[in-house]
Amino acid sequence: MVATLVQNHISIEATPLLDVRALSLGFGASKTNLLEGVRYSVEAGETLCIVGESGCGKSVSSLAIMGLLRHDVAHIREADIRFRGEPYDLHDTAALRRHRGADIAMIFQEPMTSLNPAFRVGDQIAEAVRAHRNVTEAEANDRAVNMLRRVGIPAPEARVNEYPHQMSGGMRQRVMIAMALANDPALLIADEPTTALDVTIQSQILDLIRTLQAETGMGTIMITHDLGVVAEIADKVAVMYAGTIVEAGPAEAIFNDPQHPYTIGLMSSMPKLTGPRERLTTVPGTVPTIETMPDGCRFSTRCPFAQHVCKETPPERSFGAGHTALCHFAPLNERLERA
Amino acid sequence: MPNAILTAMNLTRHFKVGGSLFTRPKTLRAVEDVSLTVQKGETLAIVGESGCGKSTLARMLMRLIAPTSGQMTFEGRQIDQAEGRALTELRRDMQFIFQDPFSSLNPRMTVGRLVGEPLETHAPQLSGKDRRAKVGELLAQVGLRPEHGERYPHEFSGGQRQRIGIARALASGPKLIIGDEPVSALDVSVQAQVINLLADLRDRLGLTLVVIAHDLAVIRHMSDRVAVMYLGKVVEEGPTDEIFATPRHPYTMALLSAIPEAEYGRTRAQIPLTGEMPSPIDPPAGCRFHTRCPFAREACKQDVPALRDTGIAPGHRAACHFFEEIAAEGAMPLPTGGTGRSEAAKARFALYAEAIAGQKTRPRAQP
Amino acid sequence: MLSFILRRILIAIPTVILISIFVFALQKLLPGDPVLAMAGEERDPATIEFLREKYRLNDPIPVQYFTWVGNALTGDLGISLRTNQPVTELMAEKLPVTLQLATMAMIFALVIGIPAGILSAVKKGTVTDYVANVVALSGLSIPNFWLGIMLILLVSVKWQLLPASGYVPFDEDPVRSIQVMIMPAFVLGTALAATLMRHTRSAMLTVLTSDYVRTARAKGLSERRVILKHAFRNALTPIVTLSALLFGELIAGAVLTEQIFTVPGFGKLVVDAVFNRDYAVVQGIVLVTAVGFIVMNLLADVAYVLLNPRLRS
Amino acid sequence: QDLRIALQSDADVLDPDQSRTFVGRIVYASLCDKLVDITPDLEIIPQLATEWEWSEDGTSVTFTLREDVTFHDGTPFNAEAVARNIERSQTLEESRRKSELSSVTGTEVLGEYEIRFDLASADATLLAQLADRSGMMMSPDAFDEAGADFGLDPVCSGPFEFDERIAQDRIVLTKFDDYWNAEEINFDSVTFLPIPDTTVRLANLQSGDIDILERLAATDLGQAESDGGINVESAVSLGYQGLTFNVDNGERGDNPWGNDARLRRALSLAVGRDIINQVVFEGAFAPGNQPFPPNSPWYDDDHPIPERDVEAARALLEEAGYADGITLEVQVPNTTVPLQLMQVVQSMASEAGINIEITSKEFATLLQDQSAGDFTASQIGWSGRVDPDGNIHQFMTTEGGINDSGYSNEEVDRLLDAARTTNDQAERQEFYNQARDILNEDAPIVYLYHQTWIWALDDDIQGFVPYPDGMIRLEGVTLEES
Amino acid sequence: MAQVATPSTIDAESANDPVLDRRPENRVWKKFRSHRSAMLGGILVTFFVGIAILAPVLPIPDPTATDWGAVRQAPSAAHLFGTDEIGRDVLSRMIWGAQASLLAGVVSVAIAVLVGVPLGIAAGYFGGWTDAVISRCTEALLAAPFLILAIALAAFLGPSLTNAMIAIGISATPLFVRLTRGQVLSVAAEDYVDSARAIGLPTRKILSRYILPNILPPILVQATLTIATAIIAEASLSFLGLGQQPPAPSWGSMLNTAKNFLNQAPWMALYPGIAIFLVVLGFNLLGDGLRDALDPREQ
């Protein structure tokens, strides 16, 4: 099964696995879109990291793709998405449900609360299998045991019969991963899968995801705001600020050659483990709320370089090899000078 | 120790837990026999995996919970049994910053009242007007505006709320502030704001800080000294630089090696820790770390290691039977160099830092 | 498990003692001489004096109390002043009746209240939600006696569908027994259904926003399965606890309902006993309902534990 | 064939010697025969005793008994049995019949079926007592064995024998095959069902769940009559309803209303008894101003029911010194009819300047307060007795057992005692009339109305005879399924 | 404590901060007004409170004036809602009865809240013996049948509307004790309560400023539900002669009388029944709205 999947992925390599060309949506009565023209793509076998501060819309965008946003509160205003080259309709609930858990799987940030406390973990995994495959209960249970083994849980035959509360956070997150991968999805969306965990456990989980990805060739979207995790795992990075992707590109380019002032600010805010201990450079101010969202560049209220022109929608500038940034002045060192 | 402001001797705290409907309660040894000294004016950091007893220790130091056994002194006064007036006074001199800025502010009180409340208790002689002025001052001190006093906590972002918490802690004019993971709940850009703020306040007001965290980069950035905890015990302590450069306890090493570094291509060989952290309800005998220690030997299963001087730097101590041998094996892997930023990128970072510091820029005439 | 139950029983003892003292204090507080109520229209003084002696009503209250407790411990709750029947026998006769009524009412309440609560939570803010809430509130605000009589007039008199009142023991004729009990159970169940509906709704609303429900959806499960299996299973816990608390209300409500439909159960027994100052019966009933209440709560706790894998280990 | 009868409440203990409720007596009518019975016109007629003869001075009476009677347990009925019954009624500690038989000093068995009762003095009320619970004959063997618990399984000699009882649910009696008058009895069993709510009682009849109900609410009359499947029968009761004033019962008797009869008479004048009857009882009850209803032979025609006269009432108030009006607190049982009644009275009285404050009380409380003298006025009534003495003596004589108003008048005491001891109807009537002259002036009780017993029956029921005592006698009653 | 002017190094908040309306009362009111069902509830309750207060000046017949010629008359132009069993105007009695019924509902719930909440707070916050004693008494009270409790209290206090309210209040108290205790247990575990202890705030103030305001919302909701029960309980109590004394009207006693005439005069039950329903609905909608409006975290 693994083999066929890998083959499949080779045959469709030309088109990205998931190609979000434009995604805009708003909540409730608000006219301003929370997500504005979000675009990114991920290919099979590749890891895309979405970074950005808390509340910028990372989770909302992935929930939208999963079809897990409530239709009565979230209004999708624009959605041009392809999955494996085919149009992917965010309004077709039935189709979304077929995709969910089968081709596209998701794991969430909170391992402690994301598993149903009332059911055995084995049943919860088996349920995911049976939702999409026509298998017997016994087969589904076997699959559950196998999956637990694959995510490195010792004695999986016994563990399937345990309840979530009997497991530690790290184990639960592994169960979540096992559940997400139970149907060999083509795409895994991991929404801050390690934020709630210790560094030692975190590195185990990241290793696990990496290994599994190598085995099955699935594409991964990893949401995080921990740049350390990004540096470790990402092939590509998309930097999100207030609902827009302000910069995207190969991981190396983002780390070593960031273009957008926000990306630079973010990198500067990280305390370092080596080198001299200097006062941290920060991104001053706070993120605008949806009501106070400025026109044009959304970062303009906090950007130390903001000029009048920033009231206009910034152009997307390209810096080669898929590295783009939305800024009037990128590259800064070329377009700006000291006053 | 003439300069010690807070000392703790053999602090222990047990909880009765479980006692579920079926079983009798078990003893959870959250903190076991911890001794610490905090010097006036220094910043002491306490690190450790979650659940290792950091918060319990902090709350004990703050006397929010009583120790099961052990002594504490504050400026030479015995405080472990303080009650009533003595406790109120202690709380003027010693303040607390909570981990979660979202849950630690009463959602139904305005910020002004929240910050003014410690004044009400500790400086009752102040008139209402003076108190309001003082609250405005405090808010300004943490980078908020006095008008913000009329608003409710939920109208603020996480970073702003943490500032409110800090303003509140500063209100009584404390000598020592204990922060229980004051930045863990914040994301990097906000975290940086709060870290800078704390550093400024410490420098300006001459505060002593005890900071709890599990992010080692944050620790390294903020502290003078570090104590590393594992499963209720301090396993290593010493000056920050020594701990990061020459960690001696295998747990400290593992912790340091597991931190992903935010630099492209920079990696470090990991010291793999197997298994999960044991439960404090039933801690392993001997060295508590032996179940996960890659260097564990027979002796570790029986003998409880004491904190010993490492001889690397004054005050650097580790609780491991074999740290000399492990160090000799050269076990602590060094990070690789990373790919490094381009010159253009470095220029951009410099430009950014200058702009933040107030340097104006203007668009270059485009070619 | 056993030790848990034992501990709970130990905790309940002071409650029972408190209740028994309370009931005895009542005797002192309540005006209306039981003997006067019993002596008949003529109120012959000799009879009155004799009855006082016979039922030891001249003893000081504490003496009466300890006599009663002593007898109660041996299973003797005295005899009814009104019919001369032993109280235990009377209660043994009435208990199945009220149990049947309460059970059927509870079933009604559950069958109506829970689905309505789930529906209105799932459809929060829609017309369905409003309608369900309004119906629930009307269930709460229509007095039982009113609803009861309306039902009798419509169902029994006008449409002649069900017997108007009375009782047929279940073991005698199950079908008829249930038929007779349908209306009273429904009336008793409405207010309960309303309460259950409101609570189910709020429990479901909490659960529906929880992470594990999101997880269930992310697995691609059908909405039906997400709601009925994942969400409801967890919303059930508070509902079970509540249902036990509602037992008290059920008994209180049974008083009026049994009166209207002439169901010869506990409620009717207690009303008649109170009005006739038949203290032995009042005391017996209060004691038994109190114990019943405590047992219900105990069962709820056990169910709570059983429903909560976390507490089971 | 089973006959189902709905009663207003549950009977108490089924031992004629211990029993005290009205509904209990309805059950006995089918369960226990008495020495004598009454006609609808209140004449005493034979039942277990075929004839009786008074001695000259009225201090003894000799009964000849029916010979073909056995109790339900097979024990034969004879003079010996009667003697033991009387003895039990007089000596059983729990017996509530003692005062009713207080005039009987002893019995003498004269033959198998002949017995003489010896009396302390002439007692005109005795036969009427023997027409009720005091005259009910129980199997002596059964009561000897059961003692005070006889009521759990009563054994008498009536047309039906006891089968089972479930408290508050039903009492089932089955036909007694050896009944002396068995050919008059047409049912295999009779079931009594207590159904307190009048609306529900009627609903049960309409839905066919029962065959007969007693005490239909007057307000339901129209509905019952308009229902083609229901017949209604009625009889004015022997009892009365009124306001009892505290004239001299304890400290609270010392109040304007207790001290000044003019006030009480003013109130009596202020209320329109016809209006009450029309508004509250749809005109079905009988207005009243005496302990006996106007259709009773004992009614004193010299004091007819007064017309409502607000002016006269005001004048009396003024005369008593309350020209500006006066307040009267009345305690009322907290049930629909009394409350409705009192609100009507209240409304009418207010027009005469009497401000009535209604305090509704739960019945047991009301009764206690009343007997303890803790009241000013109390709305209460009396279910009535066959003999006139039962409606007046114990209420109006100084030592009367139920003289809650604390009324005391030597002349009245004398007249009422005298009326007891003569068997001459005309002479008794005269005593009562003389007493009435005084009592009408003093008005310790203001009588308002006499209830009418209303039975609603399935129209398949034939042969039902309404009796003023409110009992249901099943001799000759038939049910023909249509 | 050394004071230094705000250092420039600390990020000052940008000056143009947009918060629409600073005053909390205004915000609560605004939120409340935009809550459609809450407004409906408010209007219903205001309407009934209004007629209860205005009863004396409204152009309606005397609620106790009897008319022997018009007993149990169906609604007509003369009597819009018909007349009752002794010829009184049902509309007028309904309007006057609003007073007694609303009072019965509100006052008895107020009693239950004022007694139950402090006890619940004490039990929940102090725990130990205080909790044990309060909890046991509460359970005992919960287990005792309402009717018996009510009769005893009625008898003890004497029959009147006030005492009926007290009786209902006392029997609703255990519920509030329980609810409050549970809430306190969860609120007391919140960080902000610890933060109050950390600044050395006395217990008294912790209870009044930290615990009380935060446990209020569910209590508010329960209170509005209990108002319904209380209005109906007044009816049951007037059945025991405990409630409003005749001839003064209350909806409960009107319904109680009406039940005997459901066949002959259904309007006697219909209108007070509808009034009770509307008031209960009103209070519940109001409660839902208030809870949302008072919660600063709720949008």
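Chains here go by letter, A, B, C, D and E, matching the order in which they are written, and residues are numbered from 1 within each.
Definition applied: contacts are C-beta pairs under 8 Å (C-beta built on N, C-alpha and C of every residue); 3 or more make two chains touch, one makes a residue touch a chain.
Keep in mind that what you see is a predicted model, and the values were worked out from it rather than measured.
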{"item": "Greatest separation from chain B - chain, by CA centre", "value": "D"}
{"item": "Pair with more cross-chain C-beta pairs in contact, given B-E and A-B", "value": "A-B"}
{"item": "Centre-of-Cα separation between chain C and chain B, whole angstrom", "value": "55"}
{"item": "Mean-CA-position distance for chain E and chain C (Å)", "value": "24"}
{"item": "Between chain A and chain D, centroid-to-centroid distance (C-alpha), Å", "value": "90"}
{"item": "Whole-Å gap separating chain D and chain E, where each centre is the average of the chain's CA atoms", "value": "48"}
{"item": "Touching two or more other chains - residues of chain C", "value": "30-32, 149, 153, 313"}
{"item": "Residue numbers of chain D (touch at least two other chains)", "value": "199, 362, 365"}
{"item": "Per-residue multi-chain contacts in chain A, two or more chains", "value": "279, 282, 284, 286"}
{"item": "Chain A residues within the chain B interface of the complex", "value": "53-54, 168, 170-171, 198-203, 206, 225-232, 251-252, 254-259, 261, 264-274, 277, 279-284, 286-287, 304-305, 307, 309, 329, 331-339"}
{"item": "Chain E residues within the chain C interface of the complex", "value": "37, 136-137, 139-140, 142-148, 151-152, 155-156, 225, 228-229, 231-232, 235-236, 252, 255-256, 258-259, 262-263, 269, 273, 276-277, 279-281, 284"}
{"item": "Chain A-touching residues of chain B, taken from the complex the two chains share", "value": "49-50, 157-160, 187-193, 195-196, 199, 214-218, 220-222, 244, 254-256, 258-267, 270, 273, 276-277, 335, 339-342, 344-345, 347-349, 351-356, 359-364, 366"}
{"item": "Sites on chain E touched by chain B in the complex", "value": "1-4, 6-13, 15, 17, 19, 22-24, 190-192, 194-202, 209-210, 213-214, 296-297"}
{"item": "Residue numbers on chain C that touch chain E, as the complex places them", "value": "11-12, 14-15, 18-19, 22-23, 26, 29-32, 130, 133-134, 137-138, 140-143, 145-146, 149-150, 153, 195, 198, 245, 248, 251-252, 255-256, 270-271, 274, 282, 285-286, 289-290, 293-294"}
